[in-house]
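Note that chain A is present in both complexes that follow, paired respectively with chain B and with chain C.
== the complex of A and B ==
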């Protein structure tokens, strides 16, 4: 089994899907000849040609709109937003058109588009290159939002997103691109969307998180294990719609729950997770549900010190986990 | 400079409040950490409260005679520097430490009675009395995991059991309420002295009512000829005192004999537990020690493993501590049978009240010279009466008679030839 980085797993998933189904095509800014600013589409232009790997103008509304139209006509577009921060001009297309079309057409039409976008901070990118945008879309029925935490999941989930009959937003943490590496099978496997995954079994505290923060939590859990604190970690993988069953099960497991997101705290995906827990788990809870998140200020500061202040880090996760364990 | 609070410490697992009997410091006094600042009387022991900080006393919140709940504020102290010490004490104590000795850390029980929904649910489902559970969480909070462990361990302190016990004693013991609140309040007339019932006196009263109402007492007595023992002790006592620095009392020999006999009659070293009788492995003998108007029953641990000298030493130590009010909880716990030295104040016959939850109590009366008919003539012999009160639920006359006979036999055969005090 080859060792792949997170971004190589993303590329591999697109390559395999394009080989498997000629309706799959890629469009976005600099995705063609350049292979993408992060090299996510590296080699696809050479392999599949300019008809299936299309460079677009700097117009996100158009990238989404063209993709949505193609999808409604039976194609399987993978639209890339160069940075998740740039998705805002396309919000109307995504929310008003892509997510509503199945409902609005009484099931006559669907929109099987995948929109990929790198999100997240810790890369010294400041505003426009560091923000988390999932909460903007996380209350739009008809949409699915997938945020994988490791290379293996990235490949399996992206393939599932491409094959899904409805629009999927696929957010990749840009710091994870070359940070996380692991063995990824070369064969064709798919990880179902909408299913959370237990990344570690434990019985003192439960951490529920997604994206790069899963890695932070795993690091912290490893350290806390030495202190005798046993951590249960649930990776949401799909942040909309949420896997309520898995959330409830994980929360009930220990009764002490820490929710971690890199996004601004108020109104984040974790606020919804917290509500699900309080609706369903009252008599199993042994502590208030805790959230560790970015402060409620615009993300992300440029100064290194301030970026550190804003960002969730393994140390911050560890401190929050220990605090909860001692409660 | 910062002002810190000193609170009533936890003076024993089951102790929930203490009465300030006297302040050892005044406002403006400089004290060092661990210096005693007040004497506190609980229904178990008298103890000193150590200062948690080095600094100057700024205000005494509690007055002498006030009864303060554990964890409640008793005084303020001004501390130099930051309040690091207190936060250190809170956070660094993640390891489980023996509760008794870490006075400072264990006193934060502010979260002891804050129950999470999970804890309340589990307590209901498994009928757990949360008052009897120690919490491992912050501020002494009982965590869900504490209960999970407890349930797994199968030692669940049951609520209904203690309630049952309570209602049982209540139904038996309507006079118990009279202890604190007499129905017809006696009136005080001019010249009468009112002595408030508190602390140890209150505890004695409650224990006596509990013992006499719950335990069906029966009583028996044997007469023992201890002439040889008296001769031996007379011969040894001066040299013993010179060598060891404390007196060789008769009582030590009696305790030794009882410990030996109990080993052979475990029925008497037992306790009533409702649907079963628990025979104790250890032989820990409670001895009654009086001090003005207070009565203590400290314990000689593992008396069966000690020599007469060892027992004599324990008796001296415990009696000294009792007179000085220095007995600790540990000194008072674990007794399995009581030996009471009633002879020390001249009694020749008495009926002891059993020290609940033990099965029996033995009174050692005065040794008196009496003419005894033996070997065809009268002789002046040293005679002593041993009186035994027994819990008739556990014990019957036969086994107790055999036990007393055995104690008698051991004592009558104690002589210089076959008994060593070492």
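== the complex of A and C ==
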């Protein structure tokens, strides 16, 4: 089984889907000859040509909107937003159009578009190349938001997103792109959207998280194991709509829950996870639900010391886990 | 710019041919008259139904019948139509079902469903969002190698939106078979076009994108038909997009919730000759006015509208719990549970 980085798994998923289905195509800024600013579409232009790997004008609303038109026609567009930060001009298209088309047309039309975007900080990307934007979209019924935590999941989830009959936002952590590597099967597999995944079994505390923070939690859990603290880790994988059953089960498992997200704390996806736990797990909890998140400041700072202070890290996760275990 | 983009006319306000030597297709004229009359009857009926509380808020298109009928009649069956909320005159003419169109204005999602094989997108309500869709669909048709075109409607206000410019640019770069059909009805709710833009025309906006653009008298159905036909032909032949500005006039309010006397100068629009009156004058001038046929058409269409209203009103009431249908292809488990809990709340679980 080949070892792949997170970004190679993303590319491989697109390649396989484009080979499988003529209707799948890629559009976005610099996705063609250059292969994307992060190289997510590397090699696709050479393999599939300019008709299927399309360099678009620098216009995010048109990238989404043209993709929506093609999806409603019956194509399978994969639209790339160069950075999640730059998805904002396309919000009207994504929320007002893509997420509502099936509903408002009484199921007569659908919009099977996948919109990929790299998110997240810790890469010295500064204000406009570091943001987490999932919460902006995470209360829009009709949309699905997928955020994989490792290369294996990235491939299987992206393939599922491309095949999904509804619009999917697919956020890839840009720091994970080259940081995370593992064995990824060459064969065709999909991971179901909407299902969370237990990444580690444990009995003392539960960490619920997604994206790159899953890796941080796994690192921290290893260390705490040496101290005799056993950690249960649930990876949400899909942050909208949430897998409520898995969340409730994971919370009840240990009765002590830490929610981790890199996004700003207030109004994050984790606020909703916390509400689900409070609605369902009152008598199973042994401590208040804890949240570790980015601070409620408008943007990721550029200054190195400040960026480090902002970012969730393995050390911070470890400290928060230990505090919870000792509660 | 007005000189560079003169308003193209086939007939004047008196229904006289601008070029007396031009040959008129009498069958076409009758068809245009038929459809314009039909959609006018629908429109007036809808206003009346709204006033009686029998349908919801309604945006009339009176005054724009020539622009809508003339343009949509230039299309073929396999082409694509992207309407806004004020373009159901065009979609009705293209083949949308009249009962469903009434249902739409009575708040029913079923109203968005076009007849099988009719490529009519659900009407866009956010302004200009449908413009990139028409580019995407046209691009897909081009890639597939068909000769189908996509015609997208939008108003004067929409030309201020980013999606208008992004869509035009994209269509220009990829030379998609898209016809951008603007109905400049002079008002975006209460804001006159003179305040919407400093540009003297909308057609000139195509220049920046190297898109052939024309300005046509939107109340002259023959001129609209001819210019749209040319644009459609170019698109079919792989010659790319066209921008058409049809200069017209919104006779009534923005919607039935709006009162234009609050913002329009009193006499404004009084001199505008209604497109149907113009066509009537032309038909009389050209000896195409057959009183018996006219009366027959009138009766037939009034009856069609009445029957459609009755069918709309007898349509089964919406089942409240259908509210949860079609959020996704398959209902997520928790949404199903939510549905159950809402039903429990009203004692129907």
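Keep in mind that, in the parts below, the second predicted complex is superposed on the first by the 327 of 327 C-alpha atoms of A that agree within 3 Å, B and C clash if a C-alpha of one lies under 4 Å from a C-alpha of the other, contacts with A are read in each partner's own complex, and residues count from 1 in each chain.
What we mean here is this: contacts are C-beta pairs under 8 Å (C-beta built on N, C-alpha and C of every residue); 3 or more make two chains touch, one makes a residue touch a chain.
It should be emphasised that the depicted structure is a prediction, and the values quoted were computed from it without experimental measurement.
Judged by the touch definition given at the top, the superposed model places A:128 against neither chain B nor chain C. Once the two complexes are overlaid on the shared chain, A:302 sits clear of chain B and of chain C alike. Of the two partner chains, chain B is the only one that A:286 touches; chain C does not reach it.
Judged by the touch definition given at the top, the superposed model places A:102 against chain C, while chain B stays out of reach. Set against each other, chain B and chain C touch different numbers of residues in chain A, with C touching more. Contacts of A:204 after superposition: chain B is touched, whereas chain C is not reached. When the shared chain is aligned, chain C comes close enough to touch A:57, but chain B does not. In the superposition on chain A, A:242 makes contact with chain C only, not with chain B.
Once the two complexes are overlaid on the shared chain, A:141 sits against chain C while remaining clear of chain B. No residue of chain A is contacted both by chain B in one complex and by chain C in the other. Partner chain B is touched in their complex by these residues of chain A: 203-204, 227, 254-256, 282-287, 326-327.
Those residues of chain C whose C-beta lies close enough to touch chain A in the complex are 109-110, 112-114, 121-122, 124, 126, 129, 131-141, 143, 150, 162-163, 166-167, 169-170, 173, 325-329, 332-335.
Of all residues in chain B, only 94, 116-121, 137-138, 141, 143-145 touch chain A in the complex they form. The touching residues of chain A, when paired with chain C in their complex, are 51, 56-57, 59, 61-62, 64-75, 77, 89, 92-93, 96-97, 101-110, 141-142, 144, 164-166, 194, 241-242, 244-245.
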